[in-house]
Amino acid sequence: MSGFLTTPPLPISVAPEALLLLAIAAPLALALAMLAPGLRRLVPRLLILAPLPALVAAVAVPRGMSVLVAPYPFRFTLALDGSGALLLGGAALLWMAAGAYACAYMRKDPARGAFATWWALTMAGSFAVFLVADVASFYLAYALVSFSAFGLVTHDDTPEARRAGNLYLALTVLGEAFLIAAFVMLASGTSEANPLIRDAVAALPTSPFRSAIVLLLLAGFTLKMGLFPLHVWMPLAHAVAPVPGSAALSGVVVKAGVIGLLRFLPDGVALPGWGEALTAVGIFTAFYGVALGVTQTHPKRALAYSTVSQMGVVGAVIGAALASGLPGAFPIAAFYAVNHMLLKGAMFLVAGLAMASAPARARQAALIAGVLGLSLAGLPFTGGALAKYAIKIVVPDGIAGFLLTLSAVGSALLMARYAVLVTASGKERQTPPGGILLPALALAALALAVPFALFAPVTGLPLAAAFSGDALAKGVWPVALGLALAGLLAWRRWPLPEVPAGDILHAMGPLAALWRHTLDLAVAADARLRRWPVAATALIALAALLAVVAR
Amino acid sequence: MSALLVLALTVPLLGLVPLLLAGPRVGERAALAVLAIGAGLCVAVGVAVALSGRALQYFVAGLAPPLGIGLRADGFSAAMMGMSALVLALTAFYAMRAPGAGAPRMPPAFFMLLLALASALNLAFLAQDLFTLYVALELLTFAAVPLVCLDGKPGQLRAAMTYLMFALFGSVLYLLGVVLVYGQFGTLDFARLSAALALAPPGWSFGAALALMSAGLMAKAALFPLHLWLPPAHAGAPPAASAVLSAVVIKAPLFLLVRLWADLAPVPMAQAAAPVLAICGAGAILVCGVVALAQVRLKLLIAYSTAAQIGYLGLMFPLAAGADAYWSALAWTGGTLHLVSHAFSKAAMFMAAGLIAEVFGHDRLAGLKGAARVAPLSIAAFGIGGLSLLGLPPSGGFTAKVMLLTSALQQGAWWIGVVVLAGGLLAGGYVLRLLVLALQRPEDGTLPAARECGWRAGIALALAFGAVALGFLPLAPLGFLSIGRPIAWEGLAP
Amino acid sequence: MSLVFDALAGLLVAGAALAAVTAAAPRAAVIAFMGYGVLLGLAWARLAAPDVALTEIAIGSGISGIVLLRAAAGLPAVPPAANRALAAAISVAVALGLAALVLALPEPAPSRAADAAAALPATGLGNPVTGVLLAFRALDTLLEKIVLLLALVGVWALARDPLWRGRPEPLFAGAAPAPSAFLARVLVPIGVLVGAYLLWAGADAPGGAFQSGATLAAMGLLALMAGLAPLPRADDRRLRLVLLAGPFGLLAAGFLGWATAGAFLAFPPGFEKPVIKIVEIAITASIALTLILVVLGPPAGEERP
Amino acid sequence: MSLLLDAVTLLLVSAGVLFFAAGTLGLLRLPDPLTRIHALTKADNVGLALIVLGLLPQAGSVMAGVKMIAVWALAQIASGAVSQVLAEAATLEAQIEATAREKRP
Amino acid sequence: MSDAMLYALAGAMLAGCGTYGLLTAGGALGRILGFNILGGGVFLIFGAVARRGAGAGLAADPVPQALVITGIVVAFCATALAVALLLRLKAADGAGEEEP
C-alpha cells in the first residue's frame, strides 16, 4: 500500500534488531549514567543525541520486523509496524528539539540533574511504548512513561505543580488498574501467559469478556489521551511543567494513549457500538477543548486544551475506523497524531521563546506561532491541511465528517487566541539565551515540512490530490470562519470569563468530600475493631463462623 | 540429604552460646555467621528438593509417626524457608554495628531473638506434627514480642503486651483445636491425618477443630479483623526488628493456615470455609489500605500496609481450592509468590524507613520533604520495594497480582479480581505518598545535615531487588511449589 | 460413688476459676487463681496423671502464683468491663460448644497407649510419660527448653542495661522477716531432697526433670526470699553455663545419638538409661535456675557506687 | 475389727471437717486480717490433724501413713511461719494506710 | 458418663471462665489469668482424652500427658514474660493500666 510503511528508503549498516533495542537502551543508559557522579555533568548535553537511534530506526528498519529480546518465559519482543514507525520518528524529532531547548533552558537550574534523569526515563518509556509487541512489556513501558512523566510535571515544585502532580499520579495509578484488568482478560483469551499483542487482539472479538475488555482499554487509554471526562489532569499538568517538559508531555507522552488504542483495538475488524461511542466522545472532546481553551489567559493552558481537542479528533478518527472496520485506517490516525505532535511541540517551544524574550521579540515569535496555528487548523497548502484531508478518507462526509470539519473552525479560533496570548507574553527585558531560539525554530520548520514528506507514503494518494480544487474549497472556509470569529472576539476584548484549569475538577468537590468521609469511616472502624474486647469477641466469632461453615 | 532438615533447625540455636558466654562484639559476629550458614542450609534444602523432585523427610529419633515426630520439606516449605533465612541474615547484617564503631547498634538480645526466630521459623515450615507446630508458634511469639519493646519506651511496652496477650489467646485456641483433633483421630501427624480423612469424610467436630486452629492462626497473623496488635507493634519496634516482624514472623501462621486448608482439610470443607477467609482478606486489603492512607507517621503507614497485604493471602483460599486444577495451581503459586515478594519488599521498606528516620530524627511524613536528596539510596529501596507492592512490572508483586487476577477471572470470582485491583490502587496511594514527598523541596529549604549510612541502605536495596528478581518468574504455575503435595510419608503405609 | 466426687471436684475447680476471673481486686484474683491451681492438680490426680498433677501444682499454680502475686502488688482495682452480660453469654456459649464437641468424641477413643507401651522397653524407662518426653518426642522437650531459655532472654531483654550486668531488683525492701528465715532453714533441705528423689524416681515412677526442677526452683526462691542466699548476678559466667547446660546438653545428646544410633535425638543403644539420666540432671539444673531467674526479673544493671 | 476402725475414722474425720468449717466461717466473718489469720491457723491445723488421724487406719501401708503424717508436719511448719509473716505484713499495710489517710485532710 | 468425661466437661467450664476473663479483663493481669485458666481448661480436656485412651496396661495414654506437661511449662513461660512486661510497663509509666 504505502511505500514508507513497508520498505526502508535508506539501507544502513547496523543490524535492524540491534537498532530497535538501541532506541530504548540509549536513553535508559543515560538515565543510569546519572547515578555515576562523574558522568552527571555530561548527561544534559547528551540528551540531544539520545533520540538519534530511535530516529534512524524509525526511518531505516523494515516494517513488520520483530525481534525476540528475551527467551520463552518472558517473550520480551520488539516490533515496528507502520503506525509505530510514524510515531517513533515524530517523537524522536520532538525529543531532540525539546532536548536541545531544555539544555539551554535548564543551564542555570540547580535541579537540572534530576530533570535530566526524568527526561531520559520518559524518553526511554515513550520509545519503548511505540516498539514493544508483547502485553507485559507494553504494561511495563506504559508504566515507565507514565510514572517518569510525573518528574517532568512537578519539576518546578510550586504548590500548583504539587497539586497537579498528585492528581496526575492518582489518575495514572487508576489508569494502570484499568489496563492490568484489561490485559489479564485479553491474555486469558490466548493459551500464552504473556501473549504477543497481535495474538491477543486477534482473540479479542471472540472473547467472552469482549465488552469489558474494550471498555477498560478505552478508559485506560483515553485517560492518557485526555478525552472527556478523564482529561482533567492535562490542563493542570501541562501548564505547570517547564516549557520543554510541556512540549514532551503534550507531544509524546499523550501519544502513548494513541499507540495503546492503535495496538489493542482490532485493525480492520468492526466493533459495533464501541466505534460510534468513541467517535462521539472524540467529537464532543474536540469542541469541549476548544470551548474551554478559548477562555484561557495563559498560552500554555490554551495549548493544553488544544491538545485535549486534537486528541478528541484522533479519538474520533479511531472510533470511525472501528465503526466502519476499514482496514489500514490506523496509520492515518497515527499520521494525524504525528502532525499534531510536531506542531504542538513547536508551539510550546515558541511560546516559551516568547515568554523568555522582550515584547518586540515576542511579537516576532507570535508570527511563527500564528503560522503553526494555521497549519494545525488545516489552512490549505499547510501540513495540517494534508492531515485533515487524510482523515477525510477514514471519516466520510456523514454527520461525523461534517462535525470534524466544523471542529477545524474551533481550532482555528483557538489558535488565533493562542497567537494573541503569545504576543502579549513577552515580559522579559533581556534577549532570550541563544540555545533556545534555534531548537524552537528548527522544530517549527520540521512541523511544517514533515507532513509533506509523509502524506504520500501514508495515504498512497499523490500530493496533488490534497491540493485539488474542491479539497482546497473544503479546507479554506472553516479556517476563514474561525479567523473571522477570532477577529470579532478580539474586537470585543475577549469578553469570555476564564474557566479555571481542570474545569469539571472543581465540580468534583463532593467527590473529595466523599473520599474524606470514607477515610474517617475507615479510621473509626479500625479504631473500634482494635479495642481489645471487640477484637477478642471477633476472634471467637470467627472461630464459631468457620466451625459452622466448615461442614 | 534429609540431615539438612535437622541442621536447619539446630544450627541457628548454636549461635546462642557465644552470644550468652562471649562479649557482645564476638556474639554479633557469631550470630551473623550462624545465620549465614542457616541461609546456606535453607537454600541447600531448596536445591535438594528441586533436584530430587521429591520432598525431603526425616523421622526424629528414628521413630516414625504416630509415636515419633517427622520433619518434611516440600516445595512450598522450602521456598518459605529460603525466604525467611535470607531476610533474617540480611537483617542481622543490617543491624550489625558499623565496622570500627564503638557502641553496638542493637543490644545482644536482638541477635539472640533473631537466632531463636530463625530456628522457630524453620521448625514451623518443617514440622509435620500439630503439637510441635504449637511449640514452634509459641517459640515464634516469645522471640517476636521482646523484639517489639527492645527500646523500652512505654508505647512499645504497651504494644508488646497487647501483642503477647492476643497471640497467646490465639495459640490457646490453636491448642484447643489440636486437642480435639487428637481426641478424634489419635494422631497429630499431617500425613496420617489426611490419610484418615481420605478414608471417611469427617464430621462437624473435625470442622470445628479446624476452625479453632484457623482462628488461632489468624489471630497470630493479624489477619483482619484481628489486626489490633500489628500496627502499634510493628511501627513501634526498632527498624531492624519491624523489618523481621513484618516480613517473616507473620508469614509462619499464614503458612500454617494454608497448610491446614489446602493440605489437611478435605476439598469440600476447604471450599465451604474459603469464602470466610476471603472476606477477611478483602476486609484487610480495603480497610487497612484506606487507614494506611490516613496515617501521619511513616512506620505506622508501612505497618498498616503489612496488615493490608496479608489480605491477599486470604483471597488465595477460594481460588486455590477451586475445581479446575490448573487455575488452582496458578492461584497457589500467585499466593506463595505474593508472600515471598511481600517479605522482601516489606523488609526493604522498613529498613529504608529506619534509615530515613535516623537522618531526619523523626518519621512524621510531613517533615520528610527532600528525603530523596538526603537519603537517595533509602528512598530508592523504599520505592522499588513499594512498586512491587503496587504490582508494577518487573516485580514479584506484579506476577503474583496477574496470577491471582487470572485465576479469579477464570474461576468466575469477579469480586476477588476487583478487590485485588482496589488493593493495587490503595497500595499506590500509600507507597507513592512518601516518594512524592521525598522529591519535593522543604518549604524552609533546610535539609538535615546528616547523610544516610551507605552500606545499610545497600542491604535494603538488595532486598528490594530481590522482590524485583521474583518478577522474572514465568506467569505459569511453578512446578517447584507442587513438589511433595499431597502430603504423605514415603516408605510408610498410610 | 467416685463419679459424685469427680463431679464435685470438677465444679470446685470451675468455681475457683470463676472466682479468679470475676474478682475485682487483683490480689484476690491471684490468690483465687492459686487455689484453682491446687484444685486442678487434684483433678489431674483423679485423671490418673500423677506427673501432670505434680507439674500443674508446682509450675502451674506454685511458681506462676509467685510471679502473679508480684505482678498484682500495687495494681489498682480495675473497674468491671461494661459489656459483662455479653461476655458472659459468649463464655457460656463457648463452654457449651466445647462440651458438645467433647461429648462428640468417638466412642472407641483412639489412643497411642499401645504403641507407647510397646516401644517403652527399648528406652529402658519405666515411666511411660518420661519415655514419651525424653525418648519418643524428645524434639518437643528440646524445643521446650529453648522456650524456657527464650522466656528468660525475653525477661532479661526488658533490663535497662543492654549488657545485662548486675543483680535483679531485691524482692522486698528491708530485711527478710524472721519467720520466713526459719521456714527456709527447715524446708529447703527437705525440698532439695524431694527434688532429688523426684528426679531419680522419674525414670520409673511419676516424677522427672520438670517436676524436680520446679521443686528445686521453689526451694531456691524460698531461700532468696528468706535472705539466706544473695541474689544471683546475671552476668555470672557459671550461672549462664548452667542455663545453657539443659538445652545444649540435650542437643549434644541428640547429636551423640545421631552419631551412634543413626538418628538425631535417639539414644546410643544399650546406654539409653545413663545418657538419659545425665541429660535429665542437666535439664533439671537449668530448669530450676531458669525458673528462679525468670521470677526474679531482669538485672538492674551495675550497682550505682 | 475393721468395723471399729471405720467408726473411729468416721468420727475423727467428721470432727476434722467440723473444725475446717469453723475455720472457714472465721475467715468469712471476722473483721480484720489478724483475727482471720488466727482463726485459720488454729482451726485448720486441728482439723487437719483429726482428718489425718482418722485416715491412718485406712492407710494401705505403713509408708502411706508416714507420708500422711509428714504432710501434716509440713502443713504445721508452713502455716506457723507463714501466719507470722502474714501478720507482720498486715500490720505494716495497716500502718501505711493509716499514715496515708492522715496526709489526706 | 465416665469420670474422664466429667473432667472434660469441667475443662469446658474452665474454658468458659477463661474466655470470660479474657473478654472482660480491663488490665493485663486479668487477661493473663484468663489465658491461664483457658489453657488449664484445654489441658484438662486433653487429660480427659488421655484418660479415655487408657489401654495396654496403662491407666492413661502417656502421649497427651507428656504434651500437657510441655504445654504447662510453655504456658508458664508466657505468664512469666507477660508479668515481666507488666512490671516494666508499671515502672516505665507509673500506672500499670493501659488501654488497648
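Quick notes on this one:
Note that the chains take the letters A, B, C, D and E in the order they are written out, and that residue 1 is the start of every chain.
Operating definition for what follows: a residue touches a chain if its C-beta (ideal position, glycine included) is under 8 Å from a C-beta of that chain, and two chains touch if they have at least 3 such contacts.
Because the structure is predicted, anything quoted here is derived from the model rather than measured.
The chains in contact with chain B and with chain C alike are A, E.
Each chain's centre was taken as the mean of its CA atoms, and the one lying most distant from chain B is D.
Greatest Cα centroid separation from chain C: this falls to A.
When the C-beta contacts at C-E and at A-B are tallied, the pair with the greater total is C-E. Inter-chain spacing, taken between the CA centroids of chain A and chain D, is 93 Å. Annotation: 42 Å between the Cα-based centres of chain A and chain B.
Chain centres here are Cα means. That of chain A falls 72 Å from that of chain C. Chain centres here are Cα averages; for chain C and chain D they lie 27 Å apart. The set of chain A residues that touch two or more partner chains comprises 530-533, 535-537, 540, 544, 547.
Each of residues 81, 83, 87, 90, 94, 97-98, 102, 105, 109-112, 116, 136-137, 140, 144, 147, 150-151, 154, 158 in chain C touches at least two other chains. Touching two or more other chains at once are residues 15, 18-19, 22-24, 31-32, 45, 49, 52-53, 63, 67, 70, 74, 77-78, 81, 85-86, 88, 100 of chain E. Taken pair by pair, the chains that touch are A-B, A-C, A-E, B-C, B-E, C-D, C-E. If you check the complex, the residues on chain B that touch chain A are 162, 166, 169-170, 173, 204, 207-208, 210-212, 214-216, 218-219, 224-228, 231, 265, 268-269, 272-273, 275-276, 280, 287-288, 290-291, 293-294, 390-394, 401-402, 405-406, 409-410, 417, 421-422, 424-425, 428-429, 432, 436, 439-441, 472-476. The part of chain C that touches chain E in the complex is made up of residues 2-3, 6-7, 9-11, 13-14, 17-18, 20-22, 26, 29-30, 33, 36-37, 40, 43-44, 46-49, 51-52, 55-56, 59-60, 63-64, 67-68, 70-72, 74-76, 78-81, 83-84, 87-88, 90-92, 94-96, 98-99, 102-103, 105, 109-114, 116-118, 128-129, 131-133, 136-137, 140-141, 144, 147-148, 150-151, 154-155, 158, 210, 291, 294-295, 297-298.
Interface residues of chain A, counted against chain C in their complex, comprise 533, 537, 540, 544, 547. Only residues 67, 131, 134-135, 138, 141-142, 145-146, 149, 152-154, 157-158, 160-162, 164-165, 168-169, 172, 175-176, 179-180, 182-183, 186, 228 of chain B touch chain E when the two sit together in their complex. Of all the residues in chain B, the ones that touch chain C in their complex are 3, 6, 10, 13, 16-17, 20-21, 24, 58-63, 66-69, 104, 107-109, 112-113, 116, 119, 123, 131-132, 135-136, 138-139, 142-143, 145-146, 149-150, 152, 176, 180, 183-187, 203-205, 208-209.
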